[in-house]
Structure formats: C-alpha cells, structure tokens
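Look for chain A in each of the two complexes below; its partner is chain B in the first and chain C in the second.
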Partner chain A sequence: MDNILEIIHVSKQFPGFLLNDLSITLPKGFIMGLVGQNGAGKTTLIRLILNMLEKDAGEIRVFGQDNIIHEHLIKEKTGVVFDQIFYAEDWTIRDTGNAISVFYENWDHDLFRQLSERFKLPSNKKIESLSRGMKIKLMLACAFSHDARLLILDEPTSGLDPVSRDELLELLQEFIKDGERSVLFSTHITADLEQIADYITFLQEGNMIYTGSMEELLDKYQKIKGRIPDLTWELEQRILGLRKTDLGFEGLVLRRDAAHYNNCILDKVTIDDIVISHSKGRGQS
Partner chain B sequence: MKNSLKMTRLDYFTMKHQMILHAATLIGMILIYTFMLKSSIVLLGTTCSWITALFSSTIFITQEKNQLNYLYATVSIRPAEIVRGRYLYLYLNYLAALLICIIFSAANSLLNGTPVSLTDILTTISLSFFIYSCIMGMQIPIYYKMGYARAKYWSMIPYLFVLSLVYTPAIVKSLSYILVFLQLHLYLFMIIGVIAGVAISFLSCRISVCIYKKNRV
Partner chain C sequence: MDIIITNNSELPIFAQIKEQIKDQILSGELKENDMLPSLRQLAKDLKISVLTTTRAYNELEQEGFLTSRQGKGFYVMSGNSWLIKERFIQEVEANLQNAIQAARRASMSDEELVQLLKLLMEVEDNG
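Moving on to the complex of A and B:
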C-alpha cells in the first residue's frame, strides 16, 4: 500500500454546488496542498474523506481501506486539524489529553506531555484562554500523540502570525520525515505550500483543475508581461488571467508556448498566480 | 458497548465543570423539599426527574457552542456509539440524582424516627424513571434533529406532554378510574412504569441514532 489516500471519481452535489468527479492520489511520505478559492470544495472534500458527508458517487480509500466501511480503523490512524478548535473551551490542556486519549489505542500520554511542553502549552491552562496559534498547536499535539499516519489540516495557518506559521510548517516536515506518514493540507496561504508541499490539488468551483506534483504545476506555466502593442489577438487568447493596464499587460501562459512570445518578459509563477489566473479565466481582462 | 462508554466518559469530561453546579442545585432542592416542605419521597423523586431532565439540555448547548460535532466526527467512534454513549451519560446522571434523593429522604425518615417505606421507594423509582424516560425520550431526538438553538422551544413539548399525561386522569372525571386502578394495583403499576420507561428509552435511542447519522455535522 503505497498510497495513503485515494479518491476515485468522487462527486457530491448540493443545491447550487457540485463537487465534480474528483480523482486524487496522495502517496505515503508526502505533503499534498489543497488550494482553491472560497467555495471551491476544499472543505467539502475533507468532510467526504472523514465521512462527515455522504458522497453521491465514487470511492474514497484511506490506508487502502474504504472510508465508510473501515471508518473506525481509519480514524484511529488519522489526525485532523480544523481552522477552529473543536474541544470544550473549559477544558484545560491536561483535560483535553485525558478526554481524547480514550478514543485511541495508540495514545501516548508521555508524548502528549512532551509535545505540550515543546509547544509551550501549560497543562493547567484552559482552552478559552489560548491564542489561535496555541489552539492549532494543541490540535496538532493531539494528532501526533496517537501516532496518526495521515494528518488532515483544513486552513490551519489562516490567522496565524508568520512565526507560528513557520513553526507549523517545520512540524509538518518533521511529521513526514520517516516516509510512512502523509499530510493533506488545505490553505489559502499558498506561499506555505510552496515551502513544504510535494503535491498540489487545485479545485475551482467544484472542478479539479490540477492534481499532481507541485514542481510540474509550477513548471507548466510562466508569468508573461508586456506592452499593450505587443498583445496580439492570438496572444490574448492564450493568456490565462489576462490583466491589462495603461502600462501593459500580464497573465499566465503555458511554458511550452513560451517560444512564441519574443517581445514579452517571462517569469516564474507562484501557486497564487495560478489560482488567481484560473479564477479570471482565459483571454479576459 | 466499550466505545459507547468512551463517549459517556467524554461527555463526563465535557460537563465536569458544570456538574458541580448541577449537583449543588439538586441538593439544594432536595433539602428544601425534604426538610422545609416535608415532601414525600415520591414527590421528591418525580421533581428530581424533572430537574435532571432540564439539566440534560446543557450537554447539547455545550456541544453546539464548542462545535463538538467536529470532535465526534474526527475521533475513532461510530455515530451509533456517540448517541448511545450520550443516552448512557444522561441516564447515569438521572440515576445518580435519584440515588441522592433516596439517601436524603431515608436519612430524613431516620432522623424523624419514621420507618423507611420500601413501597414508597419503589413507587418513586418507577414513577420518576417513567417521567424521565418520557421527557428524555422525546427531547433527545428533538435536540439531535434541530440542535439546541432551534429546539429551545420545541423541547418544552415533552414537559407539557408529561404534565398532561399525569394530570388528565385527575381532571377528567371519566378517566379517574385509571387512578383508582393504579392505586389498587401498585406493584403492577411499578413494573409497567419501568418496562414502559425502558421501551421508550430504547425507541428514542434508535430514532436518535437514525437522525444523528443523517445530520452528523
């Protein structure tokens, strides 16, 4: 079993929204970033994986097992961090460990204590008095303390200061170090993904635009900038997320077409560029 | 069953800090009823079942306020076990409250030099369990269906239902024969009360499981 997560032709329909035929594979030992605008379907996908929503079609396999039939076993080995803490606010850090530990056979109390110390979480401090960064760290401490093999994070870095974000990214890299664990990481802050992700899945309005290696995605496009007189009709049709100003134009083009754009400046893209350009569409300003 | 007990334990952890307040309120009520109003153990027991049922809503408030549904959906436990564990927690609360009632009432009888009536104790157990089961049997599925915020007023229906169930035979003359029959067959009434309470609780639990599976988060 080399893939920790396999999503095979999964669809889910809500009134006014369709998560359409997604197929995604996350191999063991890697970090996958899940990107897309608000309402793209990232959280819906995470809820489907966790069986918090019932899918309309397709199959989801976690650790090679069906996510509904073997939900119980899968959750034993899965850690989840949402953007909002989901523990009782009058629990202390110690209470949280005691309360959560009953659900996991592999819960390691010593490890939880060590992680709490490392994350500077005082054992007698109540959750309601923790900062957002500390709450995220507490959820991570819980996920790490039951020896999770798959970590699912839904927007964990939003609202975190740069230092806490950097710490979190380091932790995730440490988490997958042994090559046996994987991370699925949904975020709006794509700069974080560029630091740590190996794979990217890009969703837009419920459709999958891309899934695969991040390097390939970044290699696929180039940022193009030029003067308005150089913007031919043919070029305009090839540019994704075209933005025209009095000074010139910019957008994304496929790298394989780069040879055609002699008078323009070509530059590296970021994931943000790709997400924004796709949301604008082709040949629009 | 093992996993349902885990959920019961989680509910205990969730409510740990509020349980002291609940226990203090209950004991205060028992002291007033027992020593000031000199109420019978039957009245004390039934009042205790009302109060415990009222307290039961706090676990649903806490669940909603702290988004605990997300916690339940991420830990290694099945939806049916989550619901069963919650029922177990609420019924254990009731049993603890009833036990305190009986102990205080028995202590009061001993202090006053009056004998402790086993029939009264059994009647109390049967009647209060039946009342508690009726209220909770309706209230819990309503909370699972609507959540506490939306079910706040709907959850009063079980109390009105039980009140009407208790008072109708006393008010409507043509039904008063029921009361007479019950008084004549007290032990039968006790057995029926317990059996009906258990049946209502099981049915309610099954309904709640179905509802919870549908609206998990």
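Moving on to the complex of A and C:
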C-alpha cells in the first residue's frame, strides 16, 4: 500500500453546489495541502473522506480500503483536527484523554501524558479555558496518542499566532518523518504550505484546478509585469488574473509562454498568486 | 554538513541544496563515503518539503556526486574524486562557452575578454 489516500472520480451535489469528479492521490510519507477560496469544496471533501457525508459517485480508499466498508478500521488510524474543537468544554485535559482513549485500541496513555507535558497542556485545565493554539495541540496530542497514520486538518493555522503556526508545521514534519504517515491539510495561509507541503490540491467552485507536486505547480507559472504599451492583444489573451492600472499591468503567464515577453518583468509566483489569478480568470479584468 | 537556504536566491531551493553539497564535496568538507542526512531529516531541519530534498539528492546521484544504498541512505561517491573534479571542470567549460558567446554578441575582442576574466579573478581573490 503506497498510497495512504485515493480519491477516484468522486462527486457530490448540493443545491447550488457541485463537487465535480475529483481524483486525488496522496502517497505514503508526504504532506498534501488543500487550497481554494471559501466554498471551493475543501471541507466537503474532508467530510466525504471521513464518511460524515455520503458521496454521490466515485470511490474513496484510505490505507487501500474502502472508506465506508472499513470505516471503523480507518477511523482507528486517522487523526482529525478541525477548526472547532469537538471535545466537551467543561472537561479537563486529563478527562478528555481518558474519554477518547476508549474509542481507540492503540491508545497509549503514557504517550498522551508525555505529549501533554511537551505541548505545555496542564492536565487539570478545562477545555473552555484553552487558547486556540492549545486546543489544536490537544487535538494533535490525541491523534498522535492513538498512533494515527493519516492526519487530516481543516484550517488548523487560521487564528494561530506565528509562533504556534511554526510549532504546528514542525510537528507535522515530525509526524511524517518515518515515511509511514501522511498529512492532508486545508488552509488559507498558503505561506505555510510553501514551506512544507509536497503536494497541492487546488479546488475552485467544486472543480479541481490542480493536483500534484507543489514544485511543479509553482514552476508552471510566472508573474509578469510591464508597461501598458507592452500589453499586446496576444499577451492579454495569455494572462491569467490580469490587473491593469495607469502605471502598468500584472498577472500570471505559463512559464513556457513567458520567454516571448522578455521586455516585461518576470517574477516567481506564490500559491496565493495562483489562487487569486484563477479566481479572476483569463483576459480582460 | 552546512546548508543555508535563502528565499532571495534566483535558484530554486533544490538547486541551492545541490550547489552547497557539491561545494562541500569539492572542498573536502564532505569526504568520500560520508553519509548524508536522510531525506526526511534534511526536510525537517530545513523546514522544506520531502519532495524537494528528494529531487536534490536524486539529481546529485544522477550527476555522480552521491550514491544511494538501498534502505541505508545517500553517501558521497567514493573512489572518484577525480571524476567529481572532472564534472566541475565541465561546468566551468560550459560557463566559459556561454561567456565567449555573449562576448561575441557584444563584439568584444578576445583580448578584452581575457582581460575581463583576469580582472574578475583578481576581484574574487581580493573580495
């Protein structure tokens, strides 16, 4: 089993929204980032994987097994970190660990205690009094304590201070270090992904714009900037997310097209550039 | 082994890693048969993706600087330090050829080009 997660031609329709024929593969030992605007379908996709929503078509395999037939087994080896904590607010950290432990055969009480200490989570502190960063660390401590092989995080870094974000990224890298575990990670803070993600899946309004290695995605485009007189009709047709002002224009072009326009300034792109430009579309803005 | 990554470089990260490892092999800081940090350790230490470190090591292996032993990791290629030097010389040749072509396009005489090279070498040595 070389792929931790396989999503094969999966679709899901809601009134006014269609998650359209997604196929995604996440190999063992890597981190995949999930990006796209609000409403792109990121959380829907995560809910489908966890069988919290029923898909209309396609197949989802986790650890090589069907995600519905083997749901119990898969949940045993999957850790989740959501935007909102799903533990009882008036429990202490110790209570929470004990309560969750009964759901997992592989729960390691000693490891949970060690992680709580390392993450500076006092065992008698109540959930409601934890900061956002601490809540996320608690969810991670739980995932690590039941020896999860797949970690799914939905917007874990939003609302975290820079220090906690940095700590989280380091923990994710530590998690995949043995090459046996993978992470699927949705976020708006794409700078996080540019650091550590191996793969990127980019959704827009339920459609898949890209899935594959992050390096290839960043390599595919270049940022182009220039004076308005240099903006020919032909160039304008090739630019994604064109922005024009009195002072000049900017947008994205495919790297292979960029060579024709060395009278313009060409620059590296970021994931943000790519997401924003795709939302604006091609040609006239 | 020292590797320092910068975001301000023209070079992509995998190429920065390659350059720095090559430099350290030629300078002798990395010796024949020295083991390199694992792909995942390097990724974690530099806070970069595993695919990036994989690409750097794989290309260094293809270029003959490193060798991988199944299940054990990457090592500095042994017994071939002259070969490594040879590869650096090839790189120098290719870059000089670029320089010659650029000089021709700029209608520089051969003498001017040689003088420029000498001048640049002096600057490099004094800098």
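Methods note: the second predicted complex is superposed on the first by the 285 of 285 C-alpha atoms of A that agree within 3 Å, B and C clash if a C-alpha of one lies under 4 Å from a C-alpha of the other, contacts with A are read in each partner's own complex, and residues count from 1 in each chain.
The working rule: a residue touches a chain if its C-beta (ideal position, glycine included) is under 8 Å from a C-beta of that chain, and two chains touch if they have at least 3 such contacts.
All figures in this text were calculated on a predicted structure; none of them were measured in a lab.
Judged by the touch definition given at the top, the superposed model places A:25 against neither chain B nor chain C. Greater residue coverage of chain A by touch, when chain B is weighed against chain C, goes to B. Applying the stated contact rule after C-alpha superposition, one finds that A:177 touches chain C and leaves chain B untouched. Judged by the touch definition given at the top, the superposed model places A:84 against chain B, while chain C stays out of reach.
Judged by the touch definition given at the top, the superposed model places A:214 against chain C, while chain B stays out of reach.
In the superposition on chain A, none of the residues of chain A is touched both by chain B in one structure and by chain C in the other. Chain contact summary for the complex, chain A toward chain B: residues 47, 50-53, 71-73, 75-76, 78, 80, 82, 84-91, 95, 98-100, 102-104. Against chain C, the residues of chain A that register as touching in their complex are 29-31, 169-170, 173-174, 176-179, 195-199, 213-215, 219. Taken in their complex, chain C has these residues touching chain A: 12, 14, 40-41, 43-44, 47-52, 55. Put simply, chain B touches chain A in their complex at residues 6, 9-10, 13-14, 16-17, 62, 65-71, 73-78, 216-217.
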